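After this come two complexes, each holding chain A, first together with chain B and then together with chain C.
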Partner chain A sequence: MKLFRISTFVTLIALALAACGGAPAAQPTAAPAAEQPTTAPAAVQPAAPATSDKAVVTFWFEPSDVGGNTACVIDAVIAPFNAQSTSIMVEAVPQPNLWDATRTALAGGSGPDIVVTPGPSFAFELVQADQLLALDDLAQQFNWGDMFVPWALNLGKVNGKLYSVPNEFETLVLYYNKTLFEKNGWAVPQTMDELMALSAKIKEAGVIPFAHSNAEWRPTNEWFVGTFFNRIAGPASVYAALKGEKSWTDPEFARAVDMLTRMQTEGYFMGGLDRYYTATGDERYAAFGNGAAAMNIEGTWAMGVEAGSMPSFFGQAAGNENDWDWIPIPSTKAGEAIFDIGIGSTYSIARTAKNPQAAAEFLTFFFSPATQARLLKDCGSAPAPVRLEADALDGIDPRKAQILEAMGKSSDAGTYGYTTWTFWPPKSDVYIYEEIEKVWAGDMTAQQYLEGLQTLFTEELKAGDIPPIPER
Partner chain B sequence: MAHTQPTGVAGVQARAAPRRRRFSQRAIVAWLFMLPILVLFALVVIGPSIAAVFYSFTDWSGIGKAEWVGLANYQKLFFQDLSFRKAFSNNIIWMIIFLIIPVTLALFAAGVLAPVRRGGMMFRAALFIPYLLPTVIVAQIWRNLLSPTQGIGALLANWGIAGFDRAFLGLSQTALYAIAFVNNWQWWGFLMVLFLAAMQNIPRELYDAARIDGASRLDEFRYVTLPGIMPTLVFMLLMTAIWSFLIFDYVWILTQGGPAGSSEVLGTLVYKNAFNRFEAGYASAIGLTMSALAGLMIVIFIMLRRRGWEI
Partner chain C sequence: MATTPAIRPRPPLRLGLTTNYLILIVLTMFALAPIVVMGFNSLKSNAEVGRNPLGPPAAIQWNNYPRAWEQGEFGKTTRNSAILVASTVIGVLALGGMAAYSLARLNLPGGGMVMLLLLVISTLPIQLFLVPLFFLWKNLGLINNLAGLTLIYTATNAPFAIFLLRSYMVQLPADFEDAARVDGANEWQVFSKVVLPLSWPGFLTVGLVVGLGVWNEFLLATVFISNPDLFPVATSYYRFTSRFSRDWSLTSAAAVMMIAPILILFLALQRRFIDGLTQGGLKG
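Presenting the complex of A and B:
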């Protein structure tokens, strides 16, 4: 009987703790967890009050995606839509930690009508959970095929049906401190071998070759793994491996991992692994801006317009005379410009949406070239892969305009590569950025790393968990 | 007419009946008062707990339907997953650190501060203040202080004291210990206040008697203070052991388990599996294992009490 009482008590405590174990915030201190938003803030309903004869569409958006400027997305998208629509009212809710909040709400049977995810692989999970509506008929009705670039809608297809449309078309480029390069007479590299040689030369000069760190975003590692896969092995090999027609253990992928590891162990990234793991975003941008570091491989998101973005660390306002520029990340062949396709978020309609037609009308407005141009100019947001009009790039930083133009040409020509967060299935993606640190630490060889990736990828391939990939 | 009271067994039963009615009415009222919290408890603790047990036997992405896989998650956890072993061993190291360092510091500080009458409150408040700061703030403060270019190490290096201008959070060999140091900085002041409160409940006569017997300060601490605060001390040791398996926040904010998994703990492993890898079923299995470990601590505590330990 005593034993029964003890075991009952222990079971109850264990069950109670299991509930805590499921949640990430268990702690031996009194402070609350930092990231637990589940309650939506008050909705923003600009331009016109909701009336009973208007169909209401709920839309949650991430404030940080618009440079922290919540008002911007309201002014650029929501207010104009509500003002011009006589039959639809969009209730927009700025929702920090949008994905966590959306997923929790959907699992609980609620959530917004417009479902925003951090990328195609996340939308794919929602499709498997039967949370999203197939959009094929609506896409046809609203001519989305004409609005987006050719490959874009294929990214949202699962088993031949369209469930999501891509937003925030992004890529990775090589930024460099132009003033520092000119002062030292360094030529921008044309190939990967030249990049390695230049890095050694820069290090010899007492300058950090790359202003890289992952302290504030651990998945930063995957930018480089993906970049080296696409540049050393080539996009065609990556495509074949993603289709399951080639193994990740093939020598070209091993060479890519080896070269990246050499860069890390030589201390090219922020001066050494310890600094790579601890330098904050401000520290690395400051080093890049003031000339303590020479280059930076990063996405187009780095060219934001807000304080704290990379450009804000250059020039007189930042206390230096330096300027930056960019080139495509070199590959094995000189003059080959590969731009890896990255999708920052996807938009879908929830299966539970009361008025899918109204939601689709809002999406048509959101992804229209005019609205995307406003988001680009006013909010600094990366545009969706839509056919922007000729004047859409007027008034933005010409370097940013050049990148967007080059990305567009690359996507039209089919010479693009693949970012890991867009095209790899979730477990393989996490493996790529978590386990690579063991290779850099010397706890694992490149071959062992790739064997682990191949095993996991094969499992996900068999389970049908691979995100959609456009035909090459 | 005189009112006659029933006597004997019948009388006792007759008198007990209204008392039982009164008792049952009081019990109903009491249960009614408890009902809201019981419902809440069932909804937010019992329900999710049972769900967690169920999901630990399934392949579940965290959204949608779960597929029953029996013991496969536990098989993977105990026999295949090297990350789990690493995280578990880190939790053990964490527990050992927190059972020794903050407890020793807190006992020492409480022992020193207990007899202090003038200015004692100021010291207590100063040592307790870190506990009042939010975890995120403390982590950010120490992230800056531990920076090899801008923190304490850089300052010491400028003064000619080398060896501390290293990125302790970025080195596999030191990351876990650096995080434990930061958490301990916040935690030990709270322990000290608890021990201090317990010490103040020890009758002064015991100290007077010890002094008359010729006890030194160390003897007083050993033979009077420690036995006097033993229930508090053991309870806090128990709770520290349990909490050590639930640590998440500092690790997540400062290193997210890196570099190269060197500071991975069970809490961060649960998070990564549930929310990054979409393996919520497997994450539930890890969560339940954490709970089982906590349950084991509680069993030990209860057994010791039953054996007569005054804890």
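Presenting the complex of A and C:
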């Protein structure tokens, strides 16, 4: 008994020490009105103290989405919103490990009012758990249909109801070391066959054809599988297969896997599988920037503004005189520009949100063309699929502006493909990037790989786990 | 005629010693190389880390350190981690020490079952009970609270501490305790005046292991804390990442700053730690 009393006493001391030492948890509603800032705060905070008569909206965001530069999200979005709104106060928290923290908190009956997920298939998971609010009425009230491009809101529909809106509209393109190409007299390829021939020529010249590796992100594999599906089989076939109207085992998909495997076995990716599996992001970008590698198939996220992004490895600051440029990834037909639609994250409102109306008002501000333009220019964030104003691209790198313009045209014309992480169901998606390594290692044939994919995909199709796909 | 056998001089051990030194040098290099590379990379630009990931820096970038400190908000996160480590270590040593003594010496009814229960509980992955625990903590008002996180760390580390300290205490000669009891000491006095000093190396080991674990912990900290003012030091690394890559120069600078306090603590305690381990419980 005495021991119990002592242990309780010691624990209480420990807890008191912890409680006294820590900063108090945010109590946003208790601060006086006079403390509300009218200008953007210089550093990341849980926004400004809220006035007691303002509705509080909590918003967690991923710091890595802006290269750790969380202050720019506060400056570009949160502070302007809080300054202009007389009735709503947004509390923004840069949350490392955002997805784990969010889904645990939601499952535990808590969490932020604005729910950010890593993509439509993750939002779909939360809808199935009944943790998100249907947004149809709010979308109509705030005219989100006019704000987004035509297919965008369809991505967030489950059983005909809108649960999430897409952010970070991204695609994959072929970046190339322009200086190296000019020096060697290499012409940019127009078709996949030309790309294969050029890769062989580049290798002969002692240069690595592609600066690719997956050491820091294993799902990098799926960028290439999806790219080759969309370029060799074509977006229409991919769409049919995603709808369950075509089999993944069809020869056109097998051809895509075979071609990708040939690239790997020829050592076109970083010089061989050993380097593909071990080179860090910095190493491959450095190889690309200094001319040891010639090309890079990667998403638009690579053109960030932060240190460590691909452009920071080119030019005098990086110790070389090289420059880069881009082209659409070639397909089987010359001149055909296919841009695969990718969504980096989605935004929803939690079912537990105390004030959905206020949350929707913030989302309307967040996805407005003006805010998206600020995020693009100041933070280097990929914009949401919204109708950006004509001057939104002023002041950004012209190559980035060209890609965004081309993506917009492709989306309007319906000449787009599908990224695996946005449109494939979760188990099939994991299968795509994990099992392809067996094909590259020679432990599995392309046909066996596709049969496995078809089996898994059929199960998920029957279970209704396919993420929403915009009609073609 | 008996002759005294000539005492043969032992052959010089030069070869053996050289081999030993060679092996030790290789092992030392194996242990130190990653730390040296980290030190090098902390002083390079990001582009140079990509070009030359292993060698010394061509142009030293001292400003990586203040940039990493500022961008990672280390002033805040280090303070929070220090609080978490100190309070968890105190809690684990106090509770674990008393529990271990009870299980080792007091012949508790069902003591074996308690040990089995602790073993089973300690093998369960935390993810299994993350959501119910979150729900409970939310209702207790312990979310976004360093005390709430300390309680979890104390509970999750206690089984390890109890196992280790119990094993240590079981080996102590009971004569010391009997002598204390004969002199009129009660159970608390036996524990605090006799067993605790003799078990000091065990407590030190537990404290170091638990402290290190809490200093590096990430999952629970990010799930149970959503107030940036309370984030621990492990979350600072997230400030140097983009979606698919990482700023290795800032990460390395941050890593040097993160391991420095632990390294200094270990070096300061190393002598006592090793002395305690070698002396065991039989010091006169």
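Note that in this section the second predicted complex is superposed on the first by the 424 of 472 C-alpha atoms of A that agree within 3 Å, B and C clash if a C-alpha of one lies under 4 Å from a C-alpha of the other, contacts with A are read in each partner's own complex, and residues count from 1 in each chain.
Definition applied: contacts are C-beta pairs under 8 Å (C-beta built on N, C-alpha and C of every residue); 3 or more make two chains touch, one makes a residue touch a chain.
On a predicted model such as this, the values are computed, not experimentally measured, just so you know.
J.: If we overlay the two complexes on their shared chain A, which of chain B and chain C does A:Thr346 touch? Say first, second, both or neither.
T.: Neither partner.
J.: Please work out whether A:Trp60 is in contact with chain B alone, chain C alone, both, or neither, and reply first, second, both or neither.
T.: Touch status of A:Trp60: second partner only.
J.: Scan A:Glu283 for contacts with chain B and chain C and give back first, second, both or neither.
T.: In the superposition, A:Glu283 contacts both chain B and chain C.
J.: So, does A:Asn167 touch the first partner chain B, the second partner chain C, both, or neither?
T.: neither
J.: Answer with first, second, both or neither: which of chain B and chain C does A:Gln131 touch in the superposed model?
T.: In the superposed model, A:Gln131 contacts chain B only, not chain C.
J.: Output check: A:Gly108 vs chain B and chain C. Expected answer is one of first, second, both, neither. What do you get?
T.: second
J.: Which holds for A:Pro94: it touches chain B only (first), chain C only (second), both, or neither?
T.: After superposition on chain A, A:Pro94 lies in contact with chain C alone.
J.: Have a look at where A:Phe313 lands relative to chain B and chain C in the superposition and call it first, second, both or neither.
T.: In the superposition, A:Phe313 touches chain C alone.
J.: Where on chain A do the contacts with chain B and the contacts with chain C coincide?
T.: 2, 6, 10-11, 13-19, 21-22, 24-26, 100, 107, 280, 283
J.: Could you list, by residue number, the parts of chain B that touch chain A in their complex?
T.: Interface residues on chain B, with respect to chain A: 44-46, 48-50, 52-53, 61-65, 98, 131-136, 138, 143, 146-150, 166-167, 169-172, 183, 186-187, 190, 240, 242-244, 246-250, 252-253, 255-256, 258-262, 267-268, 270-272, 274-279, 283-284, 286-288, 290-292, 294-295, 298-299, 302, 306.
J.: List the residues on chain A that touch chain B in their complex, please.
T.: Within the complex, chain A touches chain B at residues 2, 6, 9-11, 13-22, 24-34, 100, 103, 106-107, 125-126, 128-131, 214-215, 218, 273-278, 280, 283, 426-427, 430, 434, 437-438, 440-441, 443.
J.: Touching chain C in the complex: which residues of chain A?
T.: The touching residues are 2-3, 6-7, 10-11, 13-19, 21-26, 44-46, 60, 63-68, 70, 93-97, 100-101, 104-105, 107-110, 112, 216-217, 220, 280-287, 289-290, 301, 304, 306-309, 312-313, 317-319, 344.
J.: Considering the complex alone, what residue numbers of chain C touch chain A?
T.: The contact residues of chain C facing chain A are 45-51, 53, 71, 76, 79-80, 83-84, 86-88, 90-91, 94-95, 98, 102, 130-132, 134-135, 137-138, 143-147, 149-151, 154, 187-188, 191, 218-219, 222-223, 226-231, 235, 237-250.
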